[in-house]
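Each of the two complexes below includes chain A, the first together with chain B, the second together with chain C.
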Partner chain A sequence: MRTTPRTRAVSDTALFLGPAIVLLAIFFVAPILVNIVVAFTDMSQTLDFKDFPTTKQFNKLGKLDDEALLGIELRRSFYKALMLTLVFVVLTLGIFNLTFALILGLTTTALPDRMGAFFRAVWLLPRMSPSVVYALLWLWVVDSTERGLFNQILMAVGFEPMNLRLDHPMAVIVVANGLIGASLGMIIFTSAIRSIPEHLFHAARADGAGPFSIIRHVILPALRWPISYITIYQALALLVSFEYIFLIMGPARSTMTMAMLSYTKTLAPQIGGGQYAYGAAIAMILIVIGILVALAMWRLTNMKALLQRPRIEVR
Partner chain B sequence: MAEIELRNLSKAWDASVAVDGIDLTLADGEFAAILGPSGCGKSTTLFMLSGVYTPTGGEIRFDGAVVNDVEPRDRNVGIVFQSYALYPNMSVLQNILFPLRFKQVDDADKRAREMAELVQITPLLDRRPSQLSGGQQQRVALARALVKRPNLLLLDEPLSNLDATLRLTMRAEIRRIVTELGVTTILVTHDQLEATTMADRVICMNAGRIEQTGSAEDLYLRPDTLFVAGFIGSPPMNLLAVDPSAAGLRLDVDGPVTLGLRPELLRAAETGVPATVSHVEPMGRETLYTAQSELGQVRFLEPTARPNWAFGDMLKLAFDPADTLLFAPDGQRVPDAHATWKDLAHA
Partner chain C sequence: MKPSLLLAGAAVALSGLAAPSFADDVTIKLWSRADRSGPLRAGNIVAAAEQLNNAFEAAGADKRVVVELIETNNKGFDADALALLKAHSVGDTPDIAVVAHEWIGSFVEAGLAANLEGHIADNATMYADMIPELWNSVMYKGERFGVPQDSEVRMFFLNNDILRATGKSEEFIAQLPAQVEAGEFTMFDFCDLAAEAVNAGAAKIGWVHRPNVGPDFQMAMASFGIDIYNEDEAKLQITKQGLTDYYGWLKYCVDNGSLPADMTTYSWDSTHAAFRGGDALGKFHGIWNVGKQLEAFGLEGKDDYFHKLTWIHAPAGKAGGQPKNLSHPIAYIVGETENKDLAALLVAMASQHVPNTAHAVTTNHTPINYGQTAMPEFQEKGWALIAGTPMLKYAEFMPNHAKIGQYNAITYTGVQAVETGEMSPEEAAEMVIEELEIELGDDVIILD
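Presenting the complex of A and B:
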C-alpha cells in the first residue's frame, strides 16, 4: 500500500516516540498520579480511606492542624527533614558529584591510558557491588568500637576513637553517597575530556599555557554541558535517594531527610510505617521541589539550547 | 630572529619511530619548506620545535643554545596547526590574545588588533571560530601564531583546507607577511608547488629522515635519491630498471642500476627507442602518454592540448642520454653518471 507523506510523518513520529512515551507513562506518570491521589486521602496501614479529597496530610505539615503534641512533633521532623535534605544534596553534589568527579576525570585522563582506565574501574567498583555490601563496608569503617577502620587509623596516629555515626552523621552519609556518586560524573567528564580534539591541547601548550591554564581555558569550557547535566541529574537523584542513608544510619533522626522521612512513615512497618497518605504528601512535596530545582537549573544553565536542536531530521 | 639547528633529532613512540635522526640548519630569516608524503614525520618535527613534544634523541638549538627541555612559553615559537586549532569558546580577538596571557605584555590589545589588521580580519574580531570560513580561520590562526612576535614561525599545512583560488592568494599573503616581519619560517606541505613557490629552500622528508635539501631546482633536476626522484615532479620521473645490453645503451656504471628520465625530456622522433602507446591522458595544456618500450613502461609529455597519438600507435622515442640520471641499488644517485648510446644511429 502506498503511504502519503502525511501518514508517513505520523507513523514515523509514533515509531520514534512511542516506546519512550509508553515507558514514561507506565513507570513515571502513573506512579506520580497514584502518589498525588493518595496524598489527598487519609489512607493508613489498612489501605482503605474515608476522606477524599482532603488536605489533612498537608495541614499536619503547616500550622493548621492542631493535634497538640503530635502535630508539633510532625512539623518539627518535617522542617528538619527539609533542612537536612538541603545540606545533604548541596554538600554531596558540590564536594563529590561535581568537584571530586572532575578531579577524577582530570587526573585519570592525564595518566597513561591503561593506568587511567584502571583507576576509573576502581572507582566504579562500589557501583557494581550490591548496595548492602557497600553499606556493610561503611558500617565497618565507621564502627564506633576499636574495630572500626577509621578508629584504627585514628588510634594508629595517636587519637581517641570516635563514634562517627553519632557525632558526624551528615559527614558519614555525604561521604558514603559521594564516593559512589562521583563515578557517574567521572565517566561523563572523562568522555567529554577525551572528545576534546588533541590539537587544542597542542595549541594551548604551544601558546605557552601551563596545566592549570589548559584546564581553565580548554577543558572547562568543553565541560560546560556535562557539568550542567550532572548537576541537574545528580541533584534530582540525591533529593530522592535514601538507600545508603537507611542502610548505614538506620532511621536515625540526625539523617532523616525528606526521602527517608517519606520512606519510614510508609514502608518501614517496624519503626512506625503504614502512614501511607502522610508519606505520599511528603513525597509529593519532594516531587514539587524536584521540578522547581530542575526548572531553575534548566534556566540557569541554558540546557534548553543543548537539547533543542535535533541532529537527525525526523519528519 | 633566530638561527635554528637540529642535530640528529629523533622522536620515537612505543611502536614506531616518527622522526629518525634529522640534521638541519636554518639561517636567520630563512623560509624553508618541508615536503614529504603523509606520515613521514613533518608535524612531529614541528611539534618538537614548538616544544609540544619532547625529542627522544638529538638536539634542537636556537641561536646556539640547546632548547630540548625549554618550556614552550620560553621558546617564542609561533605555530599554525594543520587543523587551525582555534579555541571554540573564545572570540577571534580572545584567540589572538591568548598567547599574550603568558607573557608580560603591556599593549596586548593593541598588538592583537595590529595583527588582525595585518591578516585582514579586523571586522571579524567579535565572532566565534565556528562562524568563520576556512580561509578566515586560517588567518586567525596565523595572527595568533604571530602576535607574540615569534623568533620562529611554523606552518603545518596551513593551506590544505582551502580552495584553489584562496590558496593562491594566501600563498602570496603569507609570503608577504613573513617577509615583512623577517621571521625564520618552516612551512610543511604535501604540495610541491606550494613548497617551491613559497620557500627559499625545500627539505624533502621520507619515513622520518631527510632525503635531500636544496632549491626547488636542485630537487627537480638533481635528486639525490630514488625517493626524491619519484616524489618530486608531476607526472613523476620515469624510473626504469634497465638491462643495459638490451636497450642499446652504454652506462657509466657497472651492475644493475635504475635509470631516471623526466617525461618532458622524451619526444617522438625519426630514430629512437621503439614504443607502443598504451594510454593517453589529456591534461589541459599538455598531453601525457604512457607507452611500452624496450626500456620498459615510460611516460612522456607533449605540449599540445590535442593528443598527437592514440592507443596502439607505434613510434620512436628519442632523448638526450646526458639528461638521464643513474641510481645505484641502494637508492642513491651516482653523481655525474649518465647513459650513452651504443650505436650512433640513435643519436
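Presenting the complex of A and C:
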C-alpha cells in the first residue's frame, strides 16, 4: 500500500511530537489541572473532600474590600509572602543568574581555553552536588557560632561574628540560590559568545576597540536572545523554587516565599501541613503569576522574533 | 553446577526461610514509625501475637496470628499521622497504629480509629490497673478511641553546676522546685536567673526550647492562663491577653539575653548539644531525656543525677499563679477493619505490666499502670520515672482535636516573629489571632 504524502505527514507528526505531547500532558498539564481542581475543594489531611467547588481557600488569602486596590485586601501573611517572593526573584535573577552569569561567561571565554573550561567546571560543582549536601555546607558556612566558616573569616580580619540567618536571611538564600543558578546562564552565554564569528573581534580590534567596547558593541548584541531566554526561564524557576530555602532556613518567617508557604501548608513535616486544598490555592496563584510574568517578558523581550520560523526551510 | 540449578537451589532455600504458612493465618497490619526512642511500642504487639499463637497451639487450633509491620520513616509523629491518614484514605487502613494521642480526633473524624469502649468493658480486668488520668488522652467526644501506650512528663531542666558557678547556694538550688510549686518563682524569674548565669559567665546560653512546632509550648502557654481546649463545645480556644503575655515573656527572655533570638532556626542537634554540652542553664523538654543526659554528663544513678540537674514545672506566669507541665502520651489505636477485635486484644496484651515496663524503663517513659512502679525492674532502673510521677498532678494534655496541629503551627509563627524581633508581642498576638480565625474558622473560639 502506498502512503499518500498527507498520511505520511500525519504519521511523522505523531511520531515526532507524540512522545513530547504525552510527556507534557502527563507531567505538566495534568498536575496543573489536578491542582486547579484541588484548589477549589476543602481537601485536608485525608484525601477526600466534602465541598466542591468552593472558594474557601481563596478567602484565606484575601477578602473583598471596595476601598482596597483592585478591590481585594490581601491577608497579611500572604501579602508578605508575595513581597518576599518578589525580592527573592528580582535579587537572585538580577545579581546572580544574569549579571554574575554574564561576568562568568565573559571572563571564562577571555581566558585560554583549558583554564576557562576549568573555571566553568568549578562553577558547575554546586549544581552537581546533591541539594542536601549543598545546603549542609551552607549551614556550616553561615553558622552563627565561631565554628561557622563566614564567622571564622570575619574574626580573622578583626570583625565580630555575625548571625546571618537571623539578621540577613534574604541575603543568605539569594546567595545560596544564586551561586547555583549562575552556572546555567554561564553555559548558555559561553556558547553564545563562542558562536560569534572570530573575524568580528579582529575587525573591532583593528578599528581600535578596547575590551569594554568589544563587550558593548560586539558581544552584548549577540547575547540578546540568550539573555532574554535566561531571564524568562530563571524567573519562572525561582518563583517556584523552595528546596534550598527550606533546607537552609527551615520554615522561618523571614524567608516564607509563596512556594515555601504552599509547601509548609501541605507537605512540610511538623509545621502544620496537611492542608492540601489551601496549598493548592497558593500554588494556583503562583501558576497564574508565572503565566503573567512569562507573557509580559515574552512581550518585553520580543521573544516571538527568536522563535520565528527560519527563513530557509530544511526538509 | 549450572546456573539454573543454582537458582532453583536458592529458591528452595528462600522458601524454606519464609514463615510456615497455615491455612488460617490472620494478618494484623501494624503501623509504626521507625523510632529509636521506642522500638518496643511495635515489639510488644509482635510479642503479644506470639503469646496468642502459643495459646492457639496449646488448644490445638490451626489459627495463627501474623503481624505485618509497616515501619514508616516519617520525621516526627505529626508527619506520620498525616501519612497514616493518607494511607487510610486510599484504603490501606492498618489494624493497629502507634500514634501521638492528639491526632485521635482526626483519626475518628476520618473513620480510621475504632471506638474501644466495648472492648475495654469486655476486657475490664486487663485494663483495671491503668492510671485513670491517662484515659483522658485518648478520649474524643466522651468516648475512648485508643489505649495509652506510655506516658511522660515534660518540665524545665536546670544545670546545677551552672547555678553554682553563678554563685547560687546549695540551699537556693534545693528550694527551687518548692518555690516553683508554690508559685513564688515565676517565668520571669526563670529568665532573670538564666540571664544572671550568662552575665556571670557561667553559661553561654541562658536556656533553650524546642526549635520547631510541638507540644512543649503548651505548658508555657498554660502558665500564662491560656486554656487551649473547650471540652464542652469540643473546640480549640485562645485569649488575646494570654497570648500577648506569653509572647511578652518570650520577648523579655530574648531581650535580657537568656534566650537566643534565633532559637527557632536551631537544629535539634544543636538544641540538645546546648544543654547536654553544658552551655545552657535550662531547657524545657521531656523526662525521656534522662538517659541521654546521664550519658552526656557522665553521671551514674539517682544521687549523681540530681546533684547535677534540677527539675521544675513550667513556673507560673505571675507570682501566686499555678505552675504547669505537660504529658504527651503515645497511644495505640485500632483501625476500623474486619480484624479490629483481634487487634484490640493484642493491644490489651501489650499494655500489661511486664511488656509495658520493658518499654518504659528502656526509654525513660512513665508507666501506664499503677502496679508497674512496684516491680523490681522499675524500682531499679526506673528511679527517674518514679521521681517524675508526682509531677503529673500539674500535667496538661494536648486536646484531641483534629486541628490541633494547625493551631500549634500558627501559635508557633508568633513565637518566631517575637523572638527574631520581627514583631512586638501585641502585633504577634494580633497576627496569630487573625490567622487562627482565618484558617481554623469555627473550630477556634477567641475568648476576648
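Worth a mention:
Simple rule for what comes next: the second predicted complex is superposed on the first by the 297 of 315 C-alpha atoms of A that agree within 3 Å, B and C clash if a C-alpha of one lies under 4 Å from a C-alpha of the other, contacts with A are read in each partner's own complex, and residues count from 1 in each chain.
The rule we apply is simple: contacts are C-beta pairs under 8 Å (C-beta built on N, C-alpha and C of every residue); 3 or more make two chains touch, one makes a residue touch a chain.
Source: prediction; values computed, not measured.
Annotation: superposed three-chain arrangement on chain A; chain B versus chain C shows no clash, the two fitting side by side.
When the two structures are aligned on the shared chain, A:G94 is found in touch with neither chain B nor chain C. The superposition-derived angle at chain A (between chain B and chain C) is 150°, Cα centres, a multiple of 10.
After overlaying the two complexes on the shared chain, residue contacts for A:P161 are found with neither chain B nor chain C.
More residues of chain A are touched by C (comparison of chain B with chain C). Of the two partner chains, chain B is the only one that A:R205 touches; chain C does not reach it. In the superposed model, A:G290 makes contact with neither chain B nor chain C.
Applying the stated contact rule after C-alpha superposition, one finds that A:K60 touches chain C and leaves chain B untouched. In the composite built from the two structures, the nearest CA pair linking chain B and chain C is 51 Å apart.
By the touch criterion stated above, chain A contacts chain B in their complex at residues 197, 199-200, 202-210, 213, 217-218, 221-222. Within the complex formed with chain A, the residues of chain C that make contact are 74-76, 78-79, 82, 85-86, 88-90, 106, 110, 212-214, 261-262, 264-265, 267, 402, 405-406, 408-410, 412-413, 416-417, 420, 422, 431, 434-435, 438-439. The residues of chain B lying in touch with chain A in their complex are 47, 50-52, 71-73, 77-79, 81-83, 85-90, 98-99, 101-103, 144, 148.
By the touch rule above, chain A contacts chain C in their complex via residues 45-48, 59-60, 75-77, 139, 144, 163, 165-166, 249-254, 264, 269-275, 278.
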